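Letters A, B and C name the chains as they come in the text, with residue numbers starting at 1 for each one.
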Amino acid sequence: MNPRNLPYMLLFPATAFLAVFFVYPFVLVAVQAFTNEAGFTLEHFQTMADDWKFKISFWNTILLAIAVVPLQTCLALMMAKLVTSITTGRDIYLYIFTIPLGISDLAAGIIWLAIFEQSGFLNTLLFTVGAIDQPVILLGYQSTWIIFLAVVLAELWRATAIMLVILVAGMGLIPKEYDEAAEVFGASRWQRFVKVTLPLLRPSLQTALILRTILAFEVFAVVAALGGTTLPVLMGETFKWQFEFRDESVAAALAMVILAISIGFTLFFLRALRVPKEAQI
Amino acid sequence: MSTATVKTDFRKKSRYLLMATTLMLCAWILVPIYLLVVNTLSTQEEVSSFPKAFIPSFNMENIMFFLQFQGVAFALLNSVLVAGMTMILSIGIGAPAGYALSRFEFKGKGAFRVLVLITRAFPLPLLALPLAVMFIRTGLDDTVFGLALVHTTLALPFAVLITFSLFSGIPIELEEAAWTLGCTRVQAFIKVIMPLVLPGIAASAIFAFVISWNEVFAAAVLTIQNKTLTAFLIQSLDESPLHLKFAGGLVLVIPALIFIFAVRKYLFAMWGIANR
Amino acid sequence: MAQIQIKNVAKNFGSFTALHSIDLTIADQEFMVLLGASGCGKTTLLRIIAGLETPSQGEVWIGDRRVDHLPPRERGIAMVFQNYAVFPHLTVFENIAFGLRMAKMNQEEVAKRVNRCAEMMHIEQLLERYSGQLSGGQRQRVAVARALAMEPDVILMDEPLSNLDALLRMEMRAELKGILAESNTTTIYVTHDQVEAMSMADRISVMHQGRIVQAASPIEVYRDPAARFVGSFIGNPPMNFLHATKKSNGRYSVAEREFDGPKDGPEKVEFAIRPEDLQPAEAGLDASVQVVEPLGPHQLLTCEVAGQPFRAVVESDLSFKTGDSVSFAPMAERIRWFDPESTKAL
């Protein structure tokens, strides 16, 4: 056997697998979204857009991402900085901070349901401190903003861990000398963080933001658990078109929309946080 | 007061602040899980009563009821099967690719890395839609294996990148030393590389397991008779009573707690090189 | 018998040529050092001999076998790596025994050989330890013992001492030389450290930009550099070079002095002299002292001669200071001449 072929043999299974189960189905989705019996058409997109819920779900999805991701980034940065500053018990804190990494969005939705439902812990707390005299419906259609808030909290709680892990790993790659050099030259703790750590962390920050934003556009189970259909989001609508209305073409069109915004934001982060090759560590 | 004591005073204060923030963040993570435990370990009446007790009555009836509920045991079994298959498939397919990326320079390496990275930029659960059609044609529809294939697509990029960083962490000199000492490529891999990467491989396998265990959308789209636990829960969200949801939630969470504990040492090493 | 022959070996990495057509013969039991700065191709050449790299062209012969198509394990070689490559998951004993076990040697013989090699390298008390419990120097010893245990025809060493601190390096240098001389193997030793090369080698191959510039005994390489590069690379401080112009046949003027030069040489040549082959004298090369560095046994003067940099090593009891004018008389038999066009010795 020629050793030159070895890497290709090793890569073949993964490449073939991705071709069949990633590239090919995406072509299928695209074809399904843009064609009918007669050929190319935008009618599925028309049907999709004509549904009064589309616009709402589109903006809900975007707004959720805008509310969650920046907050989450700050939280993850803070946690990462804390973890790297702590000396005693570092491992146990790290473990606790990363627990949500293993928790599914569905489970997270259920957990926050325990807090926000009518007989839940938030009502109990409000009742105990005397803010209310009887339990109120928090997750009803009258108060979509509370559902929105609950989803934001649940997403913050659940999905910060993945960013944290990426950022802590990234901080581990930055040699300590840079920070020490900045300290010697008189930079304060905050200045060091902003002027040294953050810029050097850009590649990791970029990965974390891309991954998180894409996942934010896929928000589905948390919303389903907390709000049912009161707070429609794109992924939930896709699910609905596929299952309740049995119209796979419109579901595919919705998938294209999610895909488009995902690619858009990925490109944005790739550009905005680009590190020129000569400036890398 | 001298500047030295001001300095230590300041240090002390900032240390307390650090500790307080850390503990608060721990509470932020742990309290919601605790509340879910409270709900699960309370009786059905307690769950829907008001106001709620913050300490559970340690009643097992709820969780037992859930586990004996029509379809739950089967869904649990399906979840484990799918996750197990995903684990084997993604490591079996991903590890060779990770090894190739870490050890060889070859044409197309860049293209392959782009392919792997691109998968992370797409909302992968959407694959489930066309695959549902494809599976019906091939008879894979509504099977645990079909779902495992989709979950492998989710887990594979991670498996490739994680094993890539694991193998990169092992100096090629070790392998070369084994070759000069009489090993074939395969022998060197088995005798030298395997023992060194095995814990890391196990960690990334568990990571793949968790990805599959937690996945909701594709599972709900692709399984009807053979539902996984997540598919079962999401489809019965509307009709099932609260105490059932909470018990289901806890059953979903517990393996996650254990798995993250098992792989905690590797989480960061896995991401260190992987995100480059 | 393990004479090594390298015939017309070249190596390209893409468009970069790491080795240009190398020809080299290493005699049985010879200690050959490949010396050069980083990136000169010495490690690539060693790895081609080991079988860790495939040559783009040419042949490698070990003994009377052509080996360039064989995997490392079939070449009868053992190798010591720069970072030692001691397997972290095996004890020292199992590390040394690794190759023997691969060769399916019986347990008794394995134990005997491991113990003998461990004794030779003074690590017999460490046999049950793991690599993580060893110091750099100890790991180095394990790596050498592991190679010796194979009783190979050829031992290849890739900068084996470069990760040790200075004192340990000097100790190991002497020890390695002794052990390898006893072992009757042919040794190829890669280093960038000229002291190591000078002190250990039977022969040194000086490499530069993918070519062997000179392959000769240490003293020859030092005294009679075949090219300007060798003179400037070997020796600390390196050789001095001054422009010279032809006065008459065999006579050259250097910084307003005349010397006997090569017969039938070109109009312009380079005059070369080692800094330690100079004596302060009444009449000689006129130099102005710029920096004085006392080095203990002697002192190093950095000067300028006719606008060109020039160094001299002189007795430490002579007193000099910056700005002094000194005349240096070069020892006539140590003067060398180089062709500035080809950079070869004349």
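Quick note on the criterion: contacts are C-beta pairs under 8 Å (C-beta built on N, C-alpha and C of every residue); 3 or more make two chains touch, one makes a residue touch a chain.
None of these values were measured; they are calculated from a predicted model.
A.B. asks: For the chain pair with the highest number of C-beta contact pairs, give its two chain identifiers.
C.D. replies: Ranked by C-beta contact count, first place goes to A-B.
A.B. asks: So which chain is farthest from chain B, going by the mean of the CA atoms in each chain?
C.D. replies: C
A.B. asks: What's the distance between the Cα centroids of chain A and chain C, rounded to whole Å?
C.D. replies: 57
A.B. asks: Could you work out how far the Cα centre of chain A sits from that of chain B, in whole Å?
C.D. replies: 15
A.B. asks: Whole-Å distance, chain B centre to chain C centre, using C-alpha means?
C.D. replies: Going by mean C-alpha positions, chain B sits 53 Å from chain C.
A.B. asks: Would you mind listing the residues of chain A that make contact with two or more other chains?
C.D. replies: Expected reply: no residues.
A.B. asks: In the complex, go through chain B and note every residue touching chain A.
C.D. replies: 18, 21-22, 25-26, 28-30, 32-33, 35-36, 38-39, 47-52, 54, 92-94, 96-97, 99-101, 103-104, 106, 108-109, 112, 115-116, 119-127, 129-131, 133-134, 149-150, 152-153, 156, 160, 185, 210, 213-217, 220-221, 230, 233-234, 237-238, 242, 245-246, 248-249, 252-253, 255-257, 259-261, 264, 267-272, 274-276
A.B. asks: Per the contact definition, I'd like the list of chain C residues that touch chain B in the complex.
C.D. replies: Per the stated touch rule, the residues are 50-52, 71-73, 77-79, 81-83, 85, 87-89, 98-99, 102-103, 146, 150, 156.
A.B. asks: What does chain B use to touch chain C in their complex?
C.D. replies: Going through chain B, the ones touching chain C are 171, 173-174, 176-184, 187, 191-192, 195-196.
A.B. asks: Write out the stretch or stretches of chain A touching chain B in their complex.
C.D. replies: For chain A paired with chain B, touching residues are 4, 6-8, 10-11, 13-15, 17-18, 21-22, 24-26, 28-29, 32, 78-79, 82, 85-86, 91, 93-107, 110-115, 117-121, 123-124, 127-128, 135, 157, 165-166, 168-170, 172-173, 203-204, 207-208, 210-211, 214, 217-218, 220-221, 224-225, 228, 235, 238-239, 242-243, 248, 251-252, 255, 258-259, 262-263, 266.
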